[in-house]
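First chain A sits with chain B, and in the next complex the same chain sits with chain C.
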Partner chain A sequence: MRFFRSRLSPPILLLMPAFVIITLVVAVPLLFSLYTSFTGYRLVQPASLWQWVGLRNYQRLLTDVDFWWAFGRTLVFLTVALNLELVLGLGIALLIDKLTAGQRIIRTIMMFPMMFSPILVGFQFKYIFNDNVGLVNNAIQSLGWENVTIPWLVNPVTANLAILMAEVWMSTPIFAILLLAGLMAMPRDPVEAAKVDGCNPWQVFRHITLPYLMPFVYIAMAIRSLDVARAYDTVKIMTNGGPAGRTELLWTLIARTGYQDARMGMANAMSYASILLSVYFTVYFFRKLAAARRTMGGVE
Partner chain B sequence: MNFVRGIQAAFFSCAALGALTAVASAEDAANWGSFPGYTLKVKLVGGTQYEKLYTRIPEWEKATGAKVEIVSSKNHFELDREIKQDIASGAITWCVGSNHTSFAPQYGDLYVDLKTLIPQATLDEFVPGTLAASMVDGRLVQLPRVTDVSNLYYLKDLYENADNKAKYKEKFGTELAPPVTYDELKQQVIFFANPPNLYGTAFAGKDEGMTGRFMEIVRANGGDMFDENWKPIFNSKAGVDALQWFIDIYNAKAVPAGTVNYTWDDIGQAFAAGTLAVDLDWPGFAAFYNDPAKSKVAGKVGFALSPLGTAGKRGGWSGSHSFSVTEACDNKPAAASLANFLTNYDSAMMEARAGNLPTRTKAFTDVVEEFKKSDTPYMADMFAVWGASLADARTPPLVPQWIEVSNVIWPELQAAIVGQKTAQEALDTAAKKATQIMEDAGVLQ
Partner chain C sequence: MERSWQRWLIRFGIFIVMAIICIPGLWIVMTAFRDNVEVMARPPVWIPERWTLDNFRAILGLSETQQGIPVIRYFLNSLVISVTSTVLAVLIGMMGGYAFARYRFKGKNVAFLWLMLSRTVPGISLSLPVFIIWSRLGLIDTSIGVILVYLALNIPFTIWLIDGFFRQIPLSLSEAAQVDGCTRWQAFWKIEFPLAKSGIASAGIFAFLTSWNEFALASQLTRTTASKTLPVGLMDFTAQFTVDWTGMCAMAVIIIVPALILTFIVQKHLIAGLTFGGVKG
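After this line comes the complex of A and B, so read on.
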């Protein structure tokens, strides 16, 4: 005790457990995985951990067309999914906020999709879009187009749309619940003052409600941009990145390389290259969040 | 006198029976050993079709005094991932693990050579080819519990339909009968296809399922995946012809367009729904297809041997689920005893009654007799066909890089099937990637 008292100030001492835990569970694994990305580490050959290959994994990535297609597709997927979820979540939150009765029940029902495991969502949507016995094609055939069979999960556009739909179905409630919390915390005086001043509903929404909600929007965006990798299980079940890599996202590619192929060194190199994507989205949303708070007169 | 002889005979019979029982009990005790108070940790494949066997574990516990602790029970792909993580972290704290002939080569020296722990007399009771396929680098790293090999299921009413027969004869000049060659199979699945109500067939279009079916036809066409120096050679003419077979039936709409995303369950559901005419599939589906509560085609399913390729051979893609014992195990005799118990004759019969192909030679013939006696000729017929096909059964290349190579092949096969590449282009690309994998591994110089 005397050792700590004499050398470390109380704030450092109090923060020490947090630093130690973060170092152990975050920094060490990160540094370790960074190191392995410069090795030929194979999961089933522990000795390969010391097989230093320098930049070879990264050099191969630079010329790997499949990786860059997956990178681009993930970028588009993230952008479209997050924006769609935002728009739909905002719409749902605004509608629920207007409810005067049964709001609690609706809020609970709205959260049901979040309770499903992404694997189950994958199986569910795989069945819905199955071209032979699936619900969508059966519905189309029941409506009179008896010979129509759309290969939803084969066509590059519809396959990605089907995955997008599964992801949006599963995750829109997260946006809705966060934005609903924002709406419920919003002071009503400015809205009423604007109405008294003659603003129409659109003007109230555009100039009062939305600016108040923006910090919540960016927090939701930042959380979801990191959390969207949960969609891995859904994609894995629905298409596993196929056919012919048409729905390959970074997560399916990295998981296959790391676990099935056991090439953990290469998988980690892929992860570090793709971490740029996460860093970009996080920095972007946090900047936007700070700007939104400045607009609202909040403290950064 | 006769009475006395009868008494004597009865006495000797009882004595002999008693002696035999005593010997059997002694053998059982000797077979399973005695490990009182020991807890054996195991990692077993989960899932309805695999877990019934585990109901026998209490019997082994009673015989040996040991306890079995199932520390993990997952589907095989998740279990494979977990085992790789255990190897990476050096945390092999368990003794018996479920294994598979396709996975086994990846695990290096994780598992012991069971020839040192299991008596040769016991090993001689296994189907020789199945046991041989369980070896990796000359080491018996697993005891097989059930074997898989594919043959044809077909809808009998389609083949017996007079109109179909007449049209087929008129079109091709031959009688309509279950196909003998892949060319005939292609011809018939295109003939039967009437989408979206009926497709000729469907195939597993992704993962190892796609690579495996391709490999099967490559081998049936006289080719192979690697040469003797582990150089990928599947982009040969045999390979191109095999891939073209898939492309042709896909383009003719004889298979659902979504088949490139199908796995076994999707195909099984489609055949059971009566939307496929023919299905090249595993034996585990036989009981499901004949169950009226689950299948629309119950009572209408026939069996035929898998087709021959252009080389007049069967591809016979085969694999076995198995049990292995870890090198790190602190009680290898107990672990080997459990693996032996779970693959013994009684276990094999239990698996066979559920429709799985057993790995003990005697169980094969006995279960067919049992099915005949219990008036279930459907299952007896199934075992007769599948048993006949075992002679041609071959595992995928038993090399640690197989799964990795498979993962570069199937996306290219898909690319050719959906028309993004020609068969030759796709296979050349896959062969180039596979070559790099084998070179990196130091297998191919």
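After this line comes the complex of A and C, so read on.
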């Protein structure tokens, strides 16, 4: 009780450690990186940290073709991946919901990819799509096309598909598990009533099941949006941006510019673009989630 | 007739999904116990003909032919870093979650939003300034440097989950205890904490998994065996042009087993944590 009697109000005291840590480890470094993005800082020349260049880094970015390719690819990648994960997750959840037995064991198996480190997922698919020893090419050859060797991670198109597949493999189960939890918690009465009134299965799904599931969809999206950048790990180990930069995402480009080329100022300018992108996704889905919660409150 | 046809279709669909989920992992596990020759074999050998522990012996440095990678060291680093940052994140998360669930204060929504936004910063973007600052402070390649960063990564999500769980507990329970003579502190430990335990556990597991699996930051903030974690150590196996597939698979098994055991022990809490911490918050 003495703890609560100090001059600061209890919630401020309770939140203090969290805010101190976040300030020290996230806020201060980000302010510093904002400053760095206005300098020509190079890792190998410590003095260049004080070399103010104004908006030059940002101006260069605007005309940098590689940057815009990486940016566009990241946007497309995220859009396709998130939608695919949602649709597949919903499909899987509906299938499992229809199952009469063994739901629990299947749900347990589905948690499997959630425990995988993104770097492990990347390694796993690098191995599976390897042209010489990979599972996929082995399977193709065993099925009769003995001379076919598809260079999955060397061809730009298939490399992007392989990365997308790794990402979808890793994240779809989260959607499936959350949506399944939503389906299981759903009251059965409205569905029965709609059936009695002559709705076909599609109408029941479209007008009753789906609206009920929306908050769960947004939770899954919100949780997922907190961590969109983990695709960095997967790409880093699978192709490291190659072949010829064709799988370069914003995040791998940042790492390359900052650490390999040692152009920290430029990398920090880029990383601000990536932060804004992530913030946009997060704010968007948290807003949707908040709105869905309000309507949920009415339903329950 | 049609119904049983449908049922088989559903079972078939689920079978395919489960196969896609399981086969990549199983393939890694089988390779970890395989002879190196089998990996290259033509035609491919599907199920290992001879299960061997040689790959594990090799990466642990127990065999004479190959120099080992300090896997045990990496494992201990990972364990120390993950456990410390998890325990601290859960403690701080409990305090923060309680504050958000039980008090009204000015700027509450803004504070919550900023907390969440701090989590959304991509690891690689955060690593740039942290790398520069940590190297000036001498925190590069130390466990403490990594623990601090993971703590900051884990706190927002921990607060979010625990907040959701505290909110589900009716305020009247704690009030009743206080009427009966408990202090608020006692009421918390005797009433609210036991009820929110499963939520706190699930928050802890998520924090642990995040720290155990993180790569983007650790790969820049660690350098040597002094602080390198398992995911970073995995990259030791990729030389410029060759990859030691069996060694890497053995390492992969070492990384995944602790996470697997932990998750299966507490899987019930995990799902509850994700759904109810979020939905009913």
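Here is the rule we go by: the second predicted complex is superposed on the first by the 237 of 300 C-alpha atoms of A that agree within 3 Å, B and C clash if a C-alpha of one lies under 4 Å from a C-alpha of the other, contacts with A are read in each partner's own complex, and residues count from 1 in each chain.
Operating definition for what follows: a residue touches a chain if its C-beta (ideal position, glycine included) is under 8 Å from a C-beta of that chain, and two chains touch if they have at least 3 such contacts.
Values in this document were obtained by computation on a predicted structure and should not be read as measured data.
**Q** Considering only the touch criterion stated at the top, classify A:99 as touching first (chain B), second (chain C), both, or neither.
**A** second
**Q** For A:245 in the superposed arrangement: first (chain B), second (chain C), both or neither?
**A** first
**Q** Who does A:154 touch here: chain B (first), chain C (second), both, or neither?
**A** first
**Q** So, does A:57 touch the first partner chain B, the second partner chain C, both, or neither?
**A** In the superposition, A:57 contacts neither chain B nor chain C.
**Q** Taking the superposition as given, does A:259 touch the first partner, chain B, the second, chain C, both, or neither?
**A** Both partners, chain B and chain C.
**Q** Is A:169 in contact with chain B, with chain C, with both, or with neither (first, second, both, neither)?
**A** Only chain C is touched by A:169; chain B is not.
**Q** After superposing on the shared chain, does chain C or chain B touch more chain A residues?
**A** It is C that touches the greater number of chain A residues.
**Q** Check whether A:131 is in contact with chain B, with chain C, with both or with neither, and answer first, second, both or neither.
**A** first
**Q** So, A:141: does it touch chain B (first), chain C (second), both, or neither?
**A** both
**Q** Going by the contact definition given at the top, which residues of chain A touch chain B in one complex and chain C in the other?
**A** Common to the two interfaces on chain A: residues 126, 132-133, 141, 259, 264.
**Q** Quick one: in the complex, what on chain A touches chain B?
**A** Residues of chain A touching chain B: 40, 43-46, 126, 130-133, 137, 141, 146-149, 151-154, 238-245, 256, 259-264.
**Q** Quick one: in the complex, what on chain C touches chain A?
**A** Residue list for chain C touching chain A: 7, 10-11, 13-14, 17-18, 20-25, 27-28, 31, 39-40, 43-44, 92-93, 95-96, 98-100, 102-103, 105, 108, 111, 113, 115-126, 128-130, 132-133, 148-149, 151-152, 155-157, 159, 183-185, 209, 212-216, 220, 231, 234-235, 238, 243, 245, 248-249, 252, 255-256, 259-260, 263-264, 267, 270-271, 274-275, 278-279, 281.
**Q** Per the contact definition, I'd like the list of chain A residues that touch chain C in the complex.
**A** Result: residues 1, 3-4, 9-12, 14-15, 17-19, 21-22, 24-30, 32-33, 36, 92, 95-96, 98-100, 106-120, 123-128, 132-133, 135, 138, 141-142, 169, 173-174, 177-178, 181-182, 185, 215-216, 219, 222-223, 225-226, 228-230, 232-233, 236-237, 251, 254-255, 258-259, 264, 267-268, 271-272, 274-275, 278-279, 281-283, 286, 289, 293, 296 of chain A touch chain C.
**Q** Which part of chain B faces chain A closely enough to touch in the complex?
**A** 77, 80-81, 84-85, 87-88, 90, 106-108, 195-196, 199, 202, 205-207, 256-258, 260-261, 266, 269-270, 273, 275, 400, 403-404, 407, 410-412, 414-415, 417-418, 420, 440
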